[in-house]
Amino acid sequence: MTAALEIRGLEAGYGRTSVLRGLDLVVTEGVTAILGPSGCGKTTLLRSVAGFVSPTAGTVTVAGTEVVTGRRSMPARLRGLGYVPQDGALFPHLDVARNIAFGLPRGERSDSGARVAEMLELVELPAEMAGRYPHELSGGQQQRVALARALAPRPKVVLLDEPFSSLDASLREDTGRAVVRALNAAGAAALLVTHDQGEALSLADQVAVMMAGSFLQVASPTDIYLTPADPRVASFLGHASLVDGEVINHTEARCALGLLPLRAAREPGAVRLAVRAEQIQIRPDSASDADGAPAEVVDISFYGHDATVRVRLDSGEELAARTPATSVPAPGDRVRVGVVGDVVAFSAT
Amino acid sequence: MKTLRTAVGLTALSLLVPALAACGDDEPTLVIYNAQHEQLLDELAPAFEKETGIKVELRNGSDLELSNQLVQEGDASKADVFLTENSPAMSQVEAAGLFDELPSDVLDQIPANYRPTSGLWTGFVARSTVLVYNTDDVEESELPASILDLADSAWDGRICFSPTGADFQAIVAGILELEGEDATLDWLEGIKANGTTYDGNNVVLESVNSGNCEVGIVYHYYWARDRAESGDVSDHSAQYYFGNQDPGAFLSVSGAGVLASSDMKKEAEEFVDFLVSEKGQQIIADSYALEYPLNPAVSLDDDGVKPFDELQPPQVNVSDLDSQAVVDLMTEVGFL
Amino acid sequence: MLLVVGLAVATLTLVPLGYVIATTADLGRQEAVDFLWRPRIGELLWNTVRLLIAGVAASTVLGVAGAWVVERTDVPGRGWWHGVLCAPLAVPAFVNGYGWISTTHAVQSFPGAVMVVTLSYYPLVYLPTVAALRRLDPAVEEVATSLGRSGWSVFTRVTLPAVSPAVLGGALLVGLHLLAEYGALQLLNYPTLTTAILQQYATVFNGPEATLLALVLVTFCLLLLGIEALLRGHRRRARVGSGAGGQPVRIRLGRYQLPVLAALTAVACWALVVPIGALLRWLIRGTSTHVDLAELFDAAGTTLLLALLGGLTATVVAVPVVWLAVRHRGLLTTAIERSVYTASAMPGIVIALALVTVSIRTFPSLYQTVVVLLVGYTILFLPRAVVSVRSTFELVPPGLEEVARNLGCGGLGVARRVTLPLVLPGLAAATALVSLAVATELTATLLLAPLGTDTLATQFWSDASAIEYGAAAPYALALILLSIPSTWILGSLSVRNSK
């Protein structure tokens, strides 16, 4: 089966600054999230694929058709890609129906009622919306219409540029799920650019973590989370704290938190250990309990269902721990810190 | 930033104050609403100031602007003297009852033909109607003996003129007075059918010179002045005087009058007196204006124009020119 | 309070209309019908209408096309071309007319008249369109492209509707100017209602017929306002959501690059080189060329002062009118805003005579002082200010003003500390745009200015109508030089990143 989207050795830059440094990515089906902090180049990647930025090297293939070969690139309008920008960018002078029908072939445009209705149903909006104007819609509805508009011409791939970032938290999850359902129903693969790891992990089938113009790891959400290939991936995803340590017998490492089991065996030597926040347990410091490393609470972020507690070990390292809402200490409290489960080790360099 | 703003504000104010003060000047000055060419008055006024010590201020504009303004202002006008290019504007202000009679010693310096019988204003210079023709397209011998001939079909598509200027209106008034209403109407319809109309005598001159049309009706000084200026629009043309008391040799008169509402009537009369005096008339004759002084003691000497005493104009008095009838005829023909 | 000010402004701008109606009333109904129901009037109407339609259409096409080339294609030297396309603003229409007429007689025709007025007035469309294109969220155009639309289709279906309020505002100004244009059209021998009004004053020497024609012009003006309102519609065209902004994707011209460059060069030559070249030729060939520097500087100084004062006055007056229309939208406030347009369609002589009549009877002490002159300028050119101020006012979100109120600012405080600083570029643009018009104004200046006031425009006309072209040229050149700063301000404000 031909991949929906295939990127090979893609490079791009503005003037002398290189923004994309040789990217490879294959999207077969489903949603692929490009996850990275602001300024990592993920939007440039999306715009290169869309045809708004001209790459300097590499190839992009959409459903078997090469749209970028080195410096030659096909005009954006011929690529047959769906595109949903950050705030939807609905045409403010057209109603919802005409927005959706905008990209349909000329012949289909005149008689687009059925397709519009189908698209509205696909993005789970009521059919009456067809006559409304963009400014009469909520943010979430605008995004759904933007997706419907992108899907109407039946593209093989849809590009989504931070589509949910302007929505409030409760709306974000619903809209995100609805978008994925619509994409799946339409049979379109998607490239989703986001800086929100929750969004990436929960919506995508494949996640590419990007930093400074390169992919650090491309894998399924679980693999990315459980076996990060790079300490930066580990710390970016899921608040892992990095602690120096030393592997002593292939399966265990010693560090300020004591002797911790490794997820994968490795040669003895100096390592950095990624300890996830939910692995760290915090207990009150009492004379009777000498288990765990002594530490002091620095500050606390309370979320309701749980809280993130930042502590400073007496040996100097700072860690972030997630604790249940029922046992949150106060800043300045003396505590003991322990670790549950195994940890991932990276080379110390 | 704040000091900059203050500075800008102060500068603006300091510029504004003299501009405002200029109109609140207490020294009595003679105010002249001047529709004659400004350049002419720029020579006359200083000479007058020098001779009499009376200060003069000009408000310049065209006949139409200033006469209408005077009528709107009525008794409240600040003007003391009104000068025009052609007589109809004088007649408008006269009809509104805004002029005061001029002393007879002023009037007597100008032949009676060139001032109204009412004595409410006087002519001070005159311009002659001429034909200007393109020397590449037309021989002088082909030109008609009378301006009335231009209505003949022989001139179809060959003539141009500016019917909407006050100048043309004066010419029509002359024809009406000399030939009567029916003949004038026929003539107007004839030249309308034959000719191209332009807005402005200088445009007519330009069109003739460039060969766009062969013959144009203008006043004599347009061609003569351009000759003196650069020849840009007169180097392929010459002018032709009808003479022979033909309506086409009509002389149009520029007028001067003193306003009844003036609070400096004596000085105003002094100015008009200066204007028609030998001294004032000589200044006009020597100027670039190339218009004919009307005081018989002075004559215009210029190679480009025909001497005044050879013009042989038709005998028409300015008070006999019927502006309203002219306008009605021109409206009927569709020039207006 | 604001409403009182607004009503006062509206009353002031309606003074000429009142004068026109009162004067026309002298004419009996039958007389009026007889006068209007003539072939000559039909000819004038036809001339006016077709000039209006063709001139507005051509200015709009040229203005929008220029803006699109500069803002949306990869044409080389975009900054330079932006400057060149703004520059004709500095060349008054009558100077352009002189330049063309001394170059070829072919312009003394309908197409010639359309061409000259278009070359003079298209920047009024170009400037707001460039600014609107700058502000437009590029994402909207990108989406349309990704949906398979060609560059042309994206432009007509998405870009143009989005910038249409700006284009319409500019086109309205062009239309009003064409209705009132006299100098250039007289030179081009193209009779319209306005040239006929001047001729009526010149030959008939009484008001009613002339003011009757002025009423016809006002009718045209109301028609234009109606059409503009109809086209503008009620729909919202502002950007929805926050928008990402950023640089738009420029269209590669490829093999069209040369033709586009050739077209831009042609516009530059026709609108700038021809008139300036003609002035230089006069300067060199004319025997009357004697540059009296003292007089020139005097006239330039007066022009500068009057232009600046006129610009500032009109802008200050425009602020309450726009504020009411934008922040207190309603029938009355809209009526106030629209009323300022009626006077601008009439030629200067009508406005000036109206002010002569009214001011000499009501405020004789102010008659022929700078005050009445500035009132005249304001009435004539207020629409220029209103259009510029309004376009920036609409960009200030009311939310900002609400925040300021919440922080304890009173109404005036909000205006002074929040709104005005934000609309300052619009105020500057309004001042510049009105200043340009004041500098070239002739009739109102002649009739209303204090005695002894010589401006560059009055001196130019005085010399040019005396066939002293050589003497006239320095004044026209000085006028162009003097207009460069205003043009530059307008040019750079239009491409300021207004995000």
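Going in written order, the chains are labelled A, B and C, and every chain counts its residues from 1.
Assume a residue touches a chain if its C-beta (ideal position, glycine included) is under 8 Å from a C-beta of that chain, and two chains touch if they have at least 3 such contacts.
Labels paired with UniProt names: A = ABC-type quaternary amine transporter; B = Iron ABC transporter substrate-binding protein; C = Iron ABC transporter permease.
Nothing here was measured: the structure is a model prediction, and the numbers come from that model.
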Top chain pair, ranked by how many C-beta pairs fall in contact: B-C
Chain at maximum distance from chain B, centres defined as averaged CA atoms: A
Distance between the centres, which are taken as Cα means, of chain C (Iron ABC transporter permease) and chain B, whole angstrom: 34
CA centroid of chain A to CA centroid of chain C (Iron ABC transporter permease), Å: 53
Whole-Å gap between the CA centroids of chain A and chain B: 86
For the chain B and chain C (Iron ABC transporter permease) complex, residues of the former touching the latter: 12, 15-16, 19-20, 22-23, 29, 31, 37-39, 57-65, 67-69, 72-74, 76, 78, 88-89, 91-92, 164-166, 169, 197-200, 202-203, 206-207, 210, 212, 222, 225-226, 228-230, 232, 288, 323, 326-327, 330-331, 334-336
Sites on chain A touched by chain C (Iron ABC transporter permease) in the complex: 50-52, 75-94, 102-103, 105, 133-135, 139, 142, 146, 149-150, 153, 159, 166
Residues of chain C (Iron ABC transporter permease) that touch chain B when the two form their complex: 35, 38-40, 43, 101-102, 105, 108, 186-187, 189, 191, 195-196, 198-207, 282, 285-288, 301-302, 305, 308-309, 349, 352-353, 356-357, 360-361, 364, 367-370, 443, 446-447, 450-453, 458, 462-463, 465-470
Complex contacts: residues of chain C (Iron ABC transporter permease) adjacent to chain A: 137, 139-140, 142-150, 157-158, 161-162, 164, 235-244, 249
